[in-house]
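In what comes next, chain A is part of two complexes: it sits with chain B in the first one and with chain C in the second one.
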Partner chain A sequence: MGFAEDYTEPTSDSRLERGLDHLQQNSRAYLLIAPTIVFLLAVIGYPILETFRLSLFRAPSETSIETFVGLQNYVEILNSDVFYQLLWQTGRWVVVGVAAKTLLGLLIAVHLNGDIAGRKFFRTAFLVPWGIPYAISAVVFTWIEHPQYGYFNAILIKLGVIEEGIGILGSPEIAWIGTVAADVWIGTPFMAIILLAGLQSIPEDLYEAAAVDGAERWHQFRHITLPQLKGVILIATLLSTIWTFVSFDVIWTMTGGGPIDTTHTLVTWIYQTGLENGNLGMGAAYSVIGFLLLMAFAVVYLRVYTSGGEEL
Partner chain B sequence: MTMAGQDRGRLRKVRLYGVLLVLFGVMMFPFYTMFSSTLKPESGLFASPATLVPTEPTIQSYLAVWGQTDVLLWIANSFLISGGTVVLTLLLAIPAAYSCARNDFVGKRTFLLAVLVGQMFAPVVLIVGLFDVVTGFGLFNSYLAVIIPAAAFTLPFNVWMLYGYFGTIPVSLEESARIDGASQLQILTKIVLPLTKPALVASITYTFLYAWNRLLFVLTFLTDAGKYNVPRGVFSMVGALQTDWRMMLTVSVIGIVPLLILFAFLEEYIVAGMTSGAVKD
Partner chain C sequence: MSDRTAGRAERSIDRREMLGALGAGGAVVITGCLGDIGGGGNGSDGNGSGGGDGSNSLQFLTMGVGENIKQFFTENNKKFEEENDVSLEFTSVTWDNAQQTVNNRVDGDKAPDVGRWPARWIPQLVGKEALVPLDDMMGGDFGGKFYEGMAEGCKYEGSYYGAPWAASNKCFYYNKDVFESAGLDPENPSLDTWDDMLAAAQTVTEKTDTPALGLAGADAIETGSQYYHYHWSHGADLVDDDGKPVVNSDAGVEALTFFSDLHLEHGVTQSSPLSSTRQDIRQLFEGGDLGMVIAHVYTGINIDDSDTDFGYGIVQVPKGPTGRFSLNTIDAVSVFAQTEVEDAAKDLLRFYFDEDRHFQYAKNKGFMPTIEAVGERDYFQDSKNWAPYIEAGQYARARPKLTNFNEFNSRVVQAIQEALGDQKSPQKALDDAQSDLEELTG
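Showing the complex of A and B:
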């Protein structure tokens, strides 16, 4: 606080002068955050405004001619079956994905939390799927699920479950499950690591007291572990929901949204419409709808985060 | 402990390790798939159903990959893009985080929350607007077109991570240095930053991984194949008329080796970074 010595009592009570005084005293503090503010305004703030603006135009990317159409793009979206199909596909992608990540993550965390030999090794190994390029994971899962040469089908054939390989990513009914599988594999480590850290912050004596009472393991888990872990689970699932919602690379690499658009989610559709098909106005309108959904998640997240999870 | 109690304890241990190994097997299976596939000779790769263990393992594909793909170029580009993103992010985040940790000024809370909210605007919902900005500034097809957006989306994590850590460093250390006549910059670089090492390593690792792993920006803003990074390179092989699985999987294995090394050495910092926001004491 090197500015304390410069401090003088404000001579006037006028808000403006007090404001100027404050600015002057903290000029260096403001100067240091200024580049970050300018940068974020330029790279995130401005594109947000630009997206809102574009959503009111018909704007093919191959020309620079933009035609103002008002809310026409939104009207078109809300009246199209595609939009509701997309919401359904996005919903199942997020709900199934997050649920699977949470359960798998919890399972891993609980089993890593004990007195395990080689825990550090296991923790590192479980972390790796999260830290490698999504495009690579997507490619590997496409290979695993390959109808003729894939290991997944080979195992099922060996076990006698099926006689002939299934083309998972080629079937409109089940292709989405094939993409969710890859996303779950990528997202599970984050859950496991966060929940493990949460488990380790639970005071040991809670368990000791319960052990004296002869509580069974499952009982302990339900009545001590889960309630203690509630806040962490909430934050982790919220973050995971946001990340799953905006996950792009996996679907784009594995299926590009196909077959017959069944693996598209809202965000891959934004990309397809705005950049692949070059319909910037429509893409922007879909983006704004994506913003609104994200903002809803963000508001919940911020409330939970700033209240430390106690509120819920 | 009674005999029955001992037995039960042992049984529990067996079950614990049993479940852990099954989970481990499931999570490592994709790595096994990719790696074992690359060890098969070309004919063996296309056996149907697939053989789970390569019958005549060979490193042929690892010898061929350098000539048949641009994997080295992609790795070099990945280093360039990740390195650039780390530098830009830190140049912005360190002063901002330090300023917030050391001063109480009007708008600080708003600034920090706005930064956090900025992160919520994931790149893909901004991509249409970003596309306009990138082309507008004439950045299209330059490394900066990828580095600048990546830095913007890693900034929030970095600001918060460093802000939290700077707050734990006693001000008295800085004051005594100031009495000794050290300048503000000297204090930051000689005293504060060395003490911030754990947070810095976590920040750098996170930023590096983020920029290394993402496909979206390169896919959208770089059409020049000479600037592709690893994910974009792999993606270009998917898009090819006839997917060359053998080369693609070999590139994938090679593409994650630098990351595995990073993980082996920095696992603790990565975990610290991941958990910093979600788990509060």
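Showing the complex of A and C:
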């Protein structure tokens, strides 16, 4: 076939000519990847563009009427108190959730990496929560936290800590903690497994050398384990942040965003606005803002973590 | 036969089989595209020929026709065809697809001639001028057959756009065993007014360990459907005659104060109403762990069908200072404006609202009858579960018909939750809701 000789460097001077030369000389390669590009544009590009287009319309979902309103939806969102409340609630949900998952995952991974009895069993068992559909786990947690029937309240009552069941998910102050608890339970196994894989890739020699030099376990953890795990932690927390940010099932199943909208995040609000309340245009505008926030976060996060010249 | 020949023969057979399969598949596709023609169909989207092609054919679109009622439609559709010399194209869609199907067909000039669907969708289609006003029918003998509140449920902007096909409403349950334990008379519970209810709830709370009253505050639609009884019966409304929000009237504040005080001041509810959905409190009652609850007919039927052993009574939802209401949800039958066979469409309505036919439907399907004479039959009147619900027909009231009712309701429920959660006073909660709703409704 001789594809290799087709990939030649352009020789012309002007940028346009160089580009055309490149295209001409590598046309076969572009032709071959064209179906993939078309497919990706169809399944990734089109929904994004359609969401952006919709965000410029006053578009009720229950009728076919659409009215072009330009950036009005965005202006309304940015001028509303709800948006900033949602930002705070989403940030709280993501930061606390990801931090808890990372810390717990690290704790579990370090223990599973040690020589403990039943290690294989525990490694398998820790995967179970991640394998259960999120909505099912959320329902289970709803029952655990139920004020009348829940185990959590029953234990506290038995211990004499409280006299009657606390409606965790009905309390505007603490309902978000009730949903975060479920999300942490679901997401921690992923963190644990990823970090365990990272731990197992650290050469044992480093620990032996540190031990010979008299380093305590904490110093070994701080100066060997954590730096060696940096890349893994970066990827795991980035993925976890994205998943937690876009997480819908847990909150919607457990509280529907309530009570008094205190557990809503941007994602559940988008669903309620766009689909439940039938305001597709406004829902799409929230979606675009959420998408941009997530993109900005990912870029900044990767920049900060790779500022020392490290490549992922 | 040589291997080569055999190979060719096999390939030849493969092609024939493939062509056969394609042909069969094509036939299936074409049949599917033609829709479910004939009586008793179930589940196709029914995008067949548009309504009103000038011939003696009539399209009847319904939703949610399950096995328990399929036979009813099969037989009666056939009978209607014979009696009226018309070809009836009957289609049922699932509830999940129903709203989109109706809108798509209307937008695509493929509306059915007659459709049976939730009355709350009427405003959207009136906005598209997609429905025929039925004032001539509903204003005469035909309309006089229905419970007034149910017929009103099909009215929008002064005109009837449907006839009430089926309904569900609410009554008030109390646990006789709990009442007896509290020293209350289980056979004469005296639960006529909200104040009576509160007095009984206080007694139950004092004398027993069972939560006296179930309040649902967790879910928007369900919370609204429980609370609006209090709101309306205090003389408050959600919107005025022009469709403008009026949620923060003095009567509304009084109703919400009473409602939230049940939990905050009197402590007669289950713990944490804001954690409870309607299902939660229904299950509490059905398990014998709750004194009183507003619920629908299936609560009694569920208790009868379960192993739970306790006595329960059903009375009307208590009345407030200005009256008594039972929240009603209604399915309507409408005639679509695109029809060219309006007379035949109206004949279909008259046919299906024949008393005996309507009785058979209500009985088989387990819905509230909407025709008063049917509700008066022994089958309903002699049933301890059904009779109070039939009686509640006279107190029927539907939610207001707004194109953006879900959004409207969510904001009102937020105010209810704010008051119930002691975040805001009822006055402040409703004032804030009113302000937001005015902005929402323009």
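To be clear about the criterion, the second predicted complex is superposed on the first by the 258 of 312 C-alpha atoms of A that agree within 3 Å, B and C clash if a C-alpha of one lies under 4 Å from a C-alpha of the other, contacts with A are read in each partner's own complex, and residues count from 1 in each chain.
Just so it is clear, contacts are C-beta pairs under 8 Å (C-beta built on N, C-alpha and C of every residue); 3 or more make two chains touch, one makes a residue touch a chain.
Quick caveat: nothing in here was measured; it's all calculated off a predicted structure.
Engineer: Kindly classify A:148 by the partners it touches after superposition: chain B alone (first), chain C alone (second), both, or neither?
Structural biologist: It touches chain B and chain C both.
Engineer: After superposition on the shared chain, which partner residues are touched by A:251: those of chain B (first), chain C (second), both, or neither?
Structural biologist: Neither partner.
Engineer: Please indicate which partner A:280 is in contact with in the superposed arrangement: first for chain B, second for chain C, both, or neither.
Structural biologist: first
Engineer: Can you tell me whether chain B or chain C touches more residues on chain A?
Structural biologist: B
Engineer: Which holds for A:168: it touches chain B only (first), chain C only (second), both, or neither?
Structural biologist: After superposition on chain A, A:168 lies in contact with chain C alone.
Engineer: In the superposed arrangement, which partner chain does A:180 touch: chain B (first), chain C (second), both, or neither?
Structural biologist: After superposing on A, A:180 lies clear of both chain B and chain C.
Engineer: First (chain B), second (chain C), both or neither: which does A:190 touch?
Structural biologist: first
Engineer: Need the overlap of the two footprints on chain A, from chain B and from chain C, as residue ranges.
Structural biologist: Shared contact residues on chain A: 146, 148, 165.
Engineer: Name, in rising order, each residue of chain A that touches chain C in their complex.
Structural biologist: Within the complex, chain A contacts chain C at residues 60, 62-64, 146-148, 164-172, 255-256, 258-261, 272, 276-279.
Engineer: Which part of chain B faces chain A closely enough to touch in the complex?
Structural biologist: That would be residues 12, 16-17, 19-20, 23-24, 27-31, 33-34, 37, 45-52, 91-93, 95-96, 98-100, 102-103, 105-106, 111, 113-118, 120-133, 148-149, 151-153, 155, 159, 171, 178, 184, 209, 212-216, 219-220, 230-232, 234-235, 237-238, 245, 248-249, 252, 255-256, 259-260, 262-264, 267, 270-271, 274-275, 277-281 of chain B.
Engineer: Using the touch definition up top, name the residues of chain C that touch chain A in the complex.
Structural biologist: 99, 103, 107, 121, 124, 127-128, 217-220, 270-276, 280, 284, 289, 403-404, 406-407, 410, 414, 417-418, 421, 423
Engineer: Considering only the defined contacts, which chain A positions touch chain B in the complex?
Structural biologist: 1-3, 19, 22, 26, 28-33, 35-37, 39-40, 42-51, 54, 61, 104, 107-108, 111-112, 114, 116, 120, 122-129, 131-137, 139-144, 146, 148-151, 153-155, 157-158, 165, 185, 188-190, 193-194, 197-198, 201, 217, 232, 235-236, 239, 242-243, 245-246, 248-249, 252-253, 267, 270-271, 274-275, 280, 283-284, 287, 290-291, 294-295, 297-298, 301-302, 305, 308
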